[in-house]
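Order of writing sets the labels: A, B, C and D. Residues in every chain begin at 1.
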């Protein structure tokens, strides 16, 4: 009898269920005696032994279902070694649950922080296989994370809708795109949505360069400009400040709910244009996974099951040059995959006339 | 030779092109010698004689295209009698253009303000036929305006996306829905998106009733609550204040970019819940018209052409009990169709457990 | 203690779950002691006492889910009085189950045939409330059935896709649309998809009129023609034959899988054009309900619950002039709501240039 | 003054316009004096000098537009050396037009056959840059063709719709997927749609293995089975016959409009199941390009413009390991990229329980 634990950790995304289905269907097909234990709300379920014994039918019909049937929660890596409110050591609690349930291994679907914890558990002796989950696509070691392309579709669709209305009025429209501290989501959504200006965390913007790009369009007879702005976008000015100075500055200035509103205010100030802000927000994590993600999720899930069958632990499954492969958790943990400002995709985007607010 | 002017006025919406196509195809089919003059950017094009002579092919392939091929602008009714920056009387300018171009009639696609101007031009002796355009569905005299159901689809889709992510985390989510000063769009989007709480301008909310509804859900084991909030939603407190007092209050308080952020802050304060805000904004005006709107647009367009053929002017075409009919512009102008708080739809919504923050 | 049975009968459609959710949420909100019994696979579950006691959570999260959580089956009305393979009288079996379970009433979601059986059960003394389900919109007594607008969206989307490819090549494209023996679905999908020719069961077509319409378009420089053909479309020739003669004719001719292929062959023969056929088929019953249907379903569901609360039985809830109302089952049963060839919608469609193959 | 010809050839697909926009915007940004000549209906336009001088605005607003603004036609490579009806040599005509218009180079968007002709024109001395267009993804030398992922979305959506209706009834459903003679489209659509059985041209099926897979599902309590069948799928029996024998066999048997109907008839015969067939057909070429394709199209377009700037001719731009690169036309021409029955993706699909009818 083989017993496999599984959990989904961190911010949710679109193909979590599709991925778990891939793992589970493969395991049930390979082994007659496998039992899958689903932990509720991520690492929290593992800490406090909140779990359910899954039935094969639990994994049926969830390929296209957004969210996660197990629930999720954010358990910051930094606080893993901080005792909980009852004084319990979280890592020890997780190890305890793992052993008490006599798990053969633990399958973890998670993003950057969760991979660090996965690595920690692996180093502590648990058999861990992890899968690369995030709409941010910022995980080191894999070309692509599941969730990313689904989020691109939502954000691109937002820009599409703005496009038809923008073309009717003459205005500046800002769509704020998620992506945490990296620009992948905004870059893809911006290019596919036909944005005129794309602002990424990796390329601090000069507000005057941004306004110049807008003015140039107006002069060329274009009646509107659309900006795709990453939630993590930052001005050159702010990027050059120390964290402390930045905090101080923010404390004394106007508080904007998010960066798009701030940039909007600056553009209004400098150009006098009417500006409209759209914040799709959590929409980008929700809805159905797109077919691309469902294929990726299924493949990654099957590959994770194969690792379990081969008892190869301590790895994250990954996509590399269109093939599913594995990467040691120790290599993945703590590294961020950011957009290289000099990569060919940025160059290609500049060729078609997209401004990144940097020149 | 028959010469028909056409313009699209006010905020844009999804089936403007589909409607113009309906008018134009019908006219070209009925008359061999009709010429259609398209005015650019709404009434502004009529004022300053900015127009193009349309070709039949201009109306081909635009059935599913959002926005308006003619452009639009907001020309507030209140300022129609105020001379422009060059001292020109706007109404006289429009009449002048109409006569100079020897138009037989003028077709106007517009919402509330635009219908008032249409009525004014009609009273001034122009032959006017108008069509009910707005995502707000607030036009008196018609059961339905084109644009409305397309906007419902965008807003409902936003709530759908939030739903899958909300179900994974335990939080309060607020989706701000357009609709100007009426609640139709939020009501339909909220019901179809499965919102738990719907706040409309017509039913001022009590923030404590809202928070109670959230707490009740939490106690019943529901891990999240979704609010669909109209951009025009208003608290009981604010609704009971004079305009002046309200202005004063706003001047001294925190400035929120929109009502959803304000309500979010209050909920956070009262319940201690984590709150996330999504503002689809102008997305709701954009993208493709939904099939419902394309049918409605085509029917209204054909009916407007029929009025022109019959030389029946001074009317807005309308939908009444599933039939296309006509309403005198003088009856339409200046009236608002709001949501009756005691209507059966509100009652049905309450039956399935939706809270309107009023009890 | 109140016990309510519920079943979904006949071909499935998109808002069955949304409707049951509306009924159930309303019942649970109104009564503390209500128990809902769900019968499996339609009337079959009632006959053979295959059922489950539903929990409130069964109706959560199903608003946007296509299909039916209870399953469905086709139990032709004509065979209701024919004993089953074990000699059991079906109607008596259903009455027996109803009484054995001590049901207060039975809620039936069904189309034409199912409403006849609902009426029969009502006449036999059961307390019945029914709801108008069908993508065909052919139910007498209601302006609209749930499922219809969702099916229109699928069919219109099919035509949309064909449109962009048709515009690139020069060909005749036929999209076969469902709708059983009536033309509502094809009429709405055809208009909203921008079809050039629409063939309905209610307007038998003349193949030469159809080909003339195609040729006319070619001569006018249009490089393609798109036909929306109802699965029940019929040629004038066939419509004028006796059933027997028609059967004989079909026996001796080429067997086509469906009417679109037959019409395609004739067009190829007469005009020499290249013809492509698309059959979306059961896609039209599937996928998510559109927001329109979700609102309608919720309203109808709440209204059905209200009838149960008021112990008003023997009715189908219906939509009439935008209000939810009730119609006696005895009036609904056995009547078909067809498209009137002289209705204003057909006239409006003809005005914009759509051919119905009849002139 | 630089003059660049451009044409779209072969079956149309979703991101043709997006790709041309990428080429054109990049050229206009790089050169002040570039002139783009658009040939109508593919190579035909080049043969008969049917062209238009493009304006920059022609390439605005077409990023999301399906089809091709230039039109396309199929000009089989095999007939390129066969004189046309007026005795003209087609290749010489194309060279003549190219020279008469003093083109610097020719940009060709095309699939397999079109790339062969592109290579021929290159060998004949024209400066050619080509781009990989096809929903089939069967082009050698590139990991991905534009159009492919958009077609996957349409086909996967078809299977999704079928899924909800299939789950309500107990039946066998067949969705026929395009892809010409290769299985990529069916493989991706099948996996992402959650098909139970996938039949590809590269893996000839045994009808009994197919029926066994269905029966096995029925025995396991699954009430339905969904097959994704490539239009080029072939039975083992047929695959082992000579072309001549196969032709003979087909002449004497029942004529099915396509393979799905034939497989459906066999399954009905062997298993006695009710079978329903859905043929999305040309829908798969139509509609909007998905965001993935828009990014790919933009990148490929920019890269093609870069080749033109660098005067590097005789290449197809391609995607290799996520980077845009170039491949000599002489290497691309005449080679087919098929699905390797032993590739990891097939193995992963088998792990999750998908049958390919081969065992």
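The working rule: a contact is a pair of C-beta atoms (placed from the backbone, for glycine too) under 8 Å apart; a residue touches a chain by one contact, two chains touch by 3 or more.
Note that this is a predicted model, so its numbers are computed, not measured.
Distances between chain centres, each the mean of the C-alpha atoms, put D farthest from subunit B.
Rounded to whole angstrom units, the spacing between the C-alpha centres of subunit A and subunit B is 35.
Rounded to whole angstrom units, the spacing between the C-alpha centres of subunit A and subunit D is 31. Note: centroid distance subunit B to subunit D, computed from Cα atoms, is 41 Å.
Across the assembly, subunit C contributes 160, 163, 167 as residues in contact with two or more other chains.
Contacts between chains, counted with the stated touch criterion, involve the pairs A-B, A-D, B-C, C-D. Touching subunit C in their complex are the following residues of subunit B: 21-22, 25-26, 29-30, 61, 63-64, 143, 149, 152-153, 156, 160, 163, 167, 188-189, 191-194, 290-292, 294-295, 298-299, 301-303, 305-306, 321-324, 344-345, 347-349, 351-353.
Interface residues of subunit D, counted against subunit C in their complex, comprise 8, 11-12, 14, 16, 65-68, 71-73, 154, 157-158, 160-169, 173, 223, 256-257, 261, 276-287.
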